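Let me give you the structure first, and then I'll get to my questions.
Order as written gives the chain letters A, B, C, D, E and F; numbering starts at 1 within each chain.
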Amino acid sequence: MSTQLPIQEKEPSSTTLVAALSIAGFLSGIIIIAVYLATFDTIAENKARELREAVFRVLPGVSQMQKLRFDGEELVVAPAEQKDDEDTIYGGYDDKGNFVGYAIASAGPGFQDTIRVLYGYQPAERKVVGMWILESRETPGLGDKIYKDAVFVANFDDLAIDPQIVTMKKGTKSAPNEIDAITGATISSKAVVRIINEGHAVWDKRLPRPGAEPRLAIVQPESEK
Amino acid sequence: MFPISLINKSFDHGVHPKHHKDQTADLSIQRVPFVSRYVMPLGQHIGAPAKPVVEVGQRVRRGELIAEAGGFISTALHSPVTGTVSDIGPHRYIDGNFKPAIEIEADPYATQQLPPKPSIDWQALSTEQFIEQVQQAGIVGMGGAAFPSHVKYSIPEGQQIENLLVNGAECEPYLTNDHRLMVERAETVIHGTEIVRQKLGAKHATIGVEMNKPDAIDILKQHIGERPIDIMALPVKYPQGAEKMLIKAVYDKEVPAGALPRDIGVAVNNVGTVVAIADYFDSGMPLIERIVTVSGPGVTEPANLIVPLGTPIREVLRFCGGLKESTREVIMGGPMMGMPIADLDAPILKGSSGILAFTEQETGRPQEYPCIRCGRCLEACPYFLNPSRLAKLGKARLFEEMRDDYNLMDCVECGACTFACPSSIPIVQHIRAAKDDLRQQKARSES
Amino acid sequence: MASSKHTAYEEMIKGLWRDNPVFVQVLGMCPMLAVTNSAINAIAMGLATFFVLVGSSFLVSSLKQWIPKQVRISVYIVIIATFVTVVDYVLLAMVPAIHKELGAFIPLIVANCLILGRQEAFASKNTVKFAIMDAIGMAAGFLLAMFALGSVREILGEGKLFGISLFGDNFEPWVIMILPPGGFITLGLLLLLFNWMTERKQAFVAQVAEAERSKAS
Amino acid sequence: MKRKDPHLLLQSAPLLRQGMTTPAAMRDVWIALLPATLAGLWFFGLAALLVLLASIAGAVLTEWAFTPKEERAITLRDNSAALTGLLLGLTLPPALPLWMAFIGGAVAIGIGKLIWGGLGSNIFNPALVGRAFLLATFPIAMTTWTVQSGPVEFFTVHASNLATPFMQAPVIDTLSAATPLGQMKFEQTATPLMDLLIGNTSGSLGETSALLLLLGGIYLFLRRDLDWRIPVGIFATAAAFSAILYAVDAEKYPSALFTLFSGGMLLGALFMATDPVTSPVTPKGAWIFAIGVGFLVVLIRVFGGFPEGMMYAILLMNAATPLIDRWTQPRVFGRSQGKGSAK
Amino acid sequence: MSEFLTAPAIMTGLGLFFGIILAVAYKLLKVEEDPRLAHTEELLPGTNCGACGEPGCLPFAQKLVVGEVQVSACTVASEDDVDEIADYLGVDAGEAEKRVARLRCAGGKAEAFQIAEYDGFESCRAAAVISGGGKGCSWGCLGLADCEVVCDFDAIYMNSNGLPVVDIDKCTACGDCVEACPKDLFELLPLSQKLYVQCNTPLAGESVTVLCSVGCDGCAKCAADAAPGLIEMKNELPLIHYESGLPVTPKATSRCPTDAIQWLEGGQFVEEESPSENRYAQLH
Amino acid sequence: MNDLVWIFISALLVNNFVLAYFLGLCPFLGVSGKLETSFRLGLATTFVLIITALCSWFLNTYVLTHAPYLRLISFIVVIASTVQFIEMAIKKLSPALFQSLGIFLPLITTNCAILGLAIFATNRGYGLGEGLIFALGAGAGFTLAMVLMAGMREEAEIGNVPALVRGTAFNLIISGILSMAFMGFAGLFSST
């Protein structure tokens, strides 16, 4: 390659450099956008399905949903394509379109790393009616029981939220606002509960009084269900 | 552990070897008879070698000058016997190498009398004359380093010796030569001390003696009289005799690293040294003989001897009934700092305080284990170095790092660390090797 | 010119063992450790890397004359990043589950030193043919290592391989294998094994040579 | 060859030795651990003995297998491998399957010691490397504590002990009991001090009896085998830290005494943090090391995920030991400070 | 389909933006460097992976240029690259004439005897400080292999006779052994200087031969046999004046009573002509 | 537990970039041989991480809202170019600083930690403040791991590690033990 050296040695003009970079940028831009568009629908589809599954899981009896956003003073219906942020939650509705409950995402530190929880909340009875772990790096075999252990998850199917949810040592659960911790994973268990409690603390104020929930904007076509 | 100094005044750290002195402590000093052949190495002191002033075949008288100082840090040599110079050339030195030396065949018929010399009136001498005399007398430190005493006495402008410290610690196990000297020639010790004290203009002199020599302490005390000298009994701890440790123990002062005792107004002399000085000024006898302790399980009859310099070690041992069969190692000096001897024909030197013979028992080297970083060596090192680290680096031949980061050059090779090491790692040897390597690199870069 | 001394085939196989990117060159350690907690993830990641490496080697080697050296790194990066983005979206669309598992480490392929390294060290200096061969070899070597580590970790960590249980249900899983320390230690031990085998090999070769010489003289 | 004298030896001075040897130091630790070990057996019965033997076997066999033949004699006779095994065993739950204990011993020596070049070269405390490995590998088995069988049913061996290698241990919820620390952390209930001192609580089979451990520690101190600074420093720091917390909220946080006498504190501070090989050699370093351990223990116990932090605290400070050592050279005689290779 | 345009637009924008910045920077902030450095960095893979242990390719190049590291430390560069860089830096294409380390001693276990038995750390340096290591000839090789240890190119091995043998092919004349030897026995000499004195003792006659059977006893026969003026006796040792340009022949070795002076075809102490015991018998 | 503090602690100890996330391993394994170098590398990395946090925040808020699919490529290009520019600048303005820190920059830009930070920060929707804290914690964590590792490796260098083990295998295994020790921080401040 020493033979090539002289070629490389000679000073290229700045314009060459700029040109090279911009052309490279341009081409890659095109490629990327192409791929992006090509895969866009499938990806969106996947995302939506995932979300729907999660919401339906934490809100039993729900068959339709819509994105709701807290705009500062009240909860309003938000366009589905809008990006999610910490002010976004989901409203769940039965097939007649009457309101069932909210699916609220909340996050906080777990044993290893941040845990993201989605829980279903029925404002009427002030109950948690379901819990689903969206994301966690808890230890396999221990912490991951918070989503693998059906018994633990079942704790949240009918759980009073007032005054607040309490973690009890396994088998000692008595009151309606208590759950059984997982032995060997007390910390993850407590973390989940804490995360839900914190989520509730934030949203309790923001939610409209029961009965005044936003109506279902567009009734989705059967096929979507 | 807790610094001993809390309990009684001394330096910190250090170790407590069994002192094994009883073998010879009570044996009074004898003379070894003259033998047929003597070897006087020209460089048996620190500094430049002496320059011969005789040639082969020349007849010399006992006490006659045979080599003059080869520079300021150097000193004279005198013939230990009456006889003829038979050779001037390389001879085996105690460190195993060949070094230039003057060989003298003793004259079997000569009465080995010193030529009568008038005793010098030392009071009359100026300090300069005194120093000159000391150099002509070939007197060097008898404490082991054989450092020319006159150099020590020439105090540069602006410095002043407040205290003279005479080193009677004799902390090396087995050795009792200083001990016997103090007991048998107490008067001379005091006298010599006084000479040096006056000539150095020191206000006060202290003779430091370890407590395991009560008799010496008593006798010395009796001879002090009016002179501004006192005897200080020191706790028994090794290396009490190392001058900087001694100074710490006696005056509770630290001589800064790299500095000399005189920099804090102290001069340290071994008791042997002051006696040699006294003898020279009283009887005119230059330094041609010294007191040597011959001891250890390997010698048939341990003894304290006056040995003419240059006497082959073999002859000294023969006088003591020779070596036992079981002997495996012969050491010049003490067991802690001494140098093992390869060739028994090597001669007694100005700095040879003892000859020890050891048997299997003492020399069976314990199994060496890896350093377990127990820290005993750090607890032992009177200079607060990190021997464990030094040894590890030495093994890895990282000599510069030893010097630059771990104060290699401050180590006086006292051996306390190695004594204490449960893994019996030859720490001091690694340290010596490192110093030797650096020394050689320096020499090479200079040449 | 590197290729002058080797055949294209040699260029390819050297990546598998002699110049193995992981065991010998110690490159691309991050994905190597991060996503090898199961064999399937390891392979997915390996393949993704394979695609990106071969693709960009091809482009770089064919465009090398037109890339000025002052901005070559930037250009390489753009090329690589493009391929990675493509992979990212394709995986997301086709196999969302695996994509979730690999998480952030797909985009991180961009930073995998191995890929940039090959562009700089080889593709930019060799003909397209050799570049591709080399890329295939290297990528294969990487894939191999990924798979080795991934399977060991999955087998011990869950008693499974490709999700198929090997030792029955009440096998005691070695949780550490799935945790970070397990990754480090296992790869370390694998490397140890690799060194040991290489050493054996050399020793053997040496012996043979020795025998030869003694016969000769 | 012609020679005049018997062949004289040339050995480097000093020829005198203090007489203490490394194997002796290790033996001292064995002696010091004996009372606590016996107590462990008394409390937890035959099961405990088996676990100990398993981990010692794991350690010694590994040492034997991976050291060259010529060195075996030496390395095995210095008692350190077996000691590692013993110390590991003492930190294990009594109901641990034996095969796990064995693996623990093997890992302790293999990864904790031999990889580094054998005795004296390792930076992490081998026994604790072994334990950390076990804890991370078999978290459930390693956190299943049994109530004490006591002398009555001395010969009971738990089903879990005898689990077939690589297979799960049968769950033994029946006789499982939270450790004092577990209760503290997850139920905020403190165990009475007396029980902690005597040791009739659940926990690792060697850690429970505070008094006997102290006894052993004192013995080691008198034999100059351990650096008193380390345990003292650890106790002082841990006590101070938890005293402060206790003052803040006595409900939530353990008292200083509880901190000192619960869990692995004593075993760790007296026998493991003091492992000479893995702790600083310099006096100042020892203090820093000790303070670090003391602080981390309380931090992990109180704010961390694990009920017990001793092991991790020591391992973490082990990792820092090389740095501590080089930054804390003693002040050299006649110098303003010891150089050391700063920065 | 605005999107289809945004992407290329943004990318081109970025490209342009940084292209310009870098181009400008390249012009304004250019720093003159040692061209060797620039070119060496050029030759290196530029992966900046740190696998060589240096913080990136540039630092590695810097160390290479000053010769502190070996090219082979870079795991990424292919063998060919390595060779190329080595050639470029002329690492081993050093002097015109190849030099090797020569040992100024031939007194192995068989020829030179010990007067005492060294018992301690296996290192020449360590032994040398304990009464010279107990070898009769205090100038001679101690045979404890410090040189072997320090040679980075393992060009030295200790033969059965306890003498270090230099593999002249591997030796790069780096001089490490010269530094390590406590007895200063190694010197770096051109391979072409075949006439060589394998002894370093300033003693003469009997006092040499009692210590070592292959020591030079200073008899000066070699000086007599060589071209006049080529060999001068200095400190009882022959000093060969190669610089004098006089003819150098094996003849000088013909009458040497102890084989101290040798005609070296290649390396020293090659097995067949290792000095034998019986010569020693003849002398005593 | 205050979020910012948690982000910092998590990045520094609990989820240390090197020991728990496997980011930036190439420099971690390669360059951790010398204490001095490791420390400086750590500092330089922290610096670049902060730059990264800024860049990625800027891109996310002003550019990528229109074209999310350009995230990766724009990150890498922008970060790489910015750092390259800074490198040139330092080299010109302060050769000393270049020798001590600048020289590491190329090595750092091409490693995962940087890009990883950008991507994680975006995935978690960190704002500028959080992003910077995250970068700071990650950098500190990286430096800590580097320095500890270097200390141990220098020690082992002069020790007697078996020849067969020496090198990467050894480094990996001790990293493993170190990461095992760091597991002790798991659950820190999240259990209470």
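The working rule: contacts are C-beta pairs under 8 Å (C-beta built on N, C-alpha and C of every residue); 3 or more make two chains touch, one makes a residue touch a chain.
Computed from a predicted structure; not experimentally measured.
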item: Fewest touching-chain hops separating chain C from chain F; value: 1
item: Neighbouring chains common to chain A and chain C, by label; value: D, E, F
item: Taking each chain's C-alpha mean as its centre, the one farthest from chain F; value: B
item: Farthest-lying chain, centroid of Cα atoms versus that of chain E; value: A
item: Pair with more cross-chain C-beta pairs in contact, given B-F and D-E; value: D-E
item: Between chain A and chain E, centroid-to-centroid distance (C-alpha), Å; value: 68
item: Whole-Å separation of chain centres (CA-atom averages), chain B against chain E; value: 42
item: Distance from the mean Cα position of chain B to that of chain A, given in whole angstrom; value: 85
item: Touching two or more other chains - residues of chain E; value: 3, 6-7, 10-11, 14-15, 18-19, 22-23, 26, 47-49, 51, 115-116, 119-121, 126, 129-131, 133-134
item: Multi-partner residues of chain F (at least 2 other chains); value: 20, 26, 29-30, 67, 69-70, 73, 77, 81, 84, 110, 159-160, 165, 170, 173, 176-177, 180, 183, 186-187, 189-191
item: For chain C, residues that touch 2 or more chains besides their own; value: 1-2, 26-27, 70-71, 73-74, 78, 81-82, 85, 89, 113, 116, 175-176, 179, 181-182, 185
item: Chain pairs that touch, as defined at the top of this document; value: A-C, A-D, A-E, A-F, B-D, B-E, B-F, C-D, C-E, C-F, D-E, D-F, E-F
item: Residue numbers on chain B that touch chain D, as the complex places them; value: 1, 15, 17-18, 173, 244, 254-259, 323, 327-331, 333-345, 358, 362-363, 365-367, 369-376, 378, 382-386, 388-389, 401, 404-407, 410, 415, 418-424, 426, 428-429, 432
item: Residue ranges of chain E touching chain D (in the complex, touch as defined); value: 113-121, 126-127, 129-131, 133-134, 210, 284
item: Complex contact set, residues of chain F against chain E; value: 26-27, 29-31, 33, 37, 40-41, 63, 66-67, 69-70, 73-74, 77-78, 81, 84-85, 88-89, 91-92, 95, 103-104, 106-107, 109-110
item: Partner chain E, residues of chain C touching it in the complex; value: 1-2, 4-5, 19, 24-27, 70-71, 73-74, 78, 113, 116-117, 120-122
item: Residue numbers on chain E that touch chain C, as the complex places them; value: 15, 18-19, 22-23, 26, 45-49, 51, 75-78, 80-81
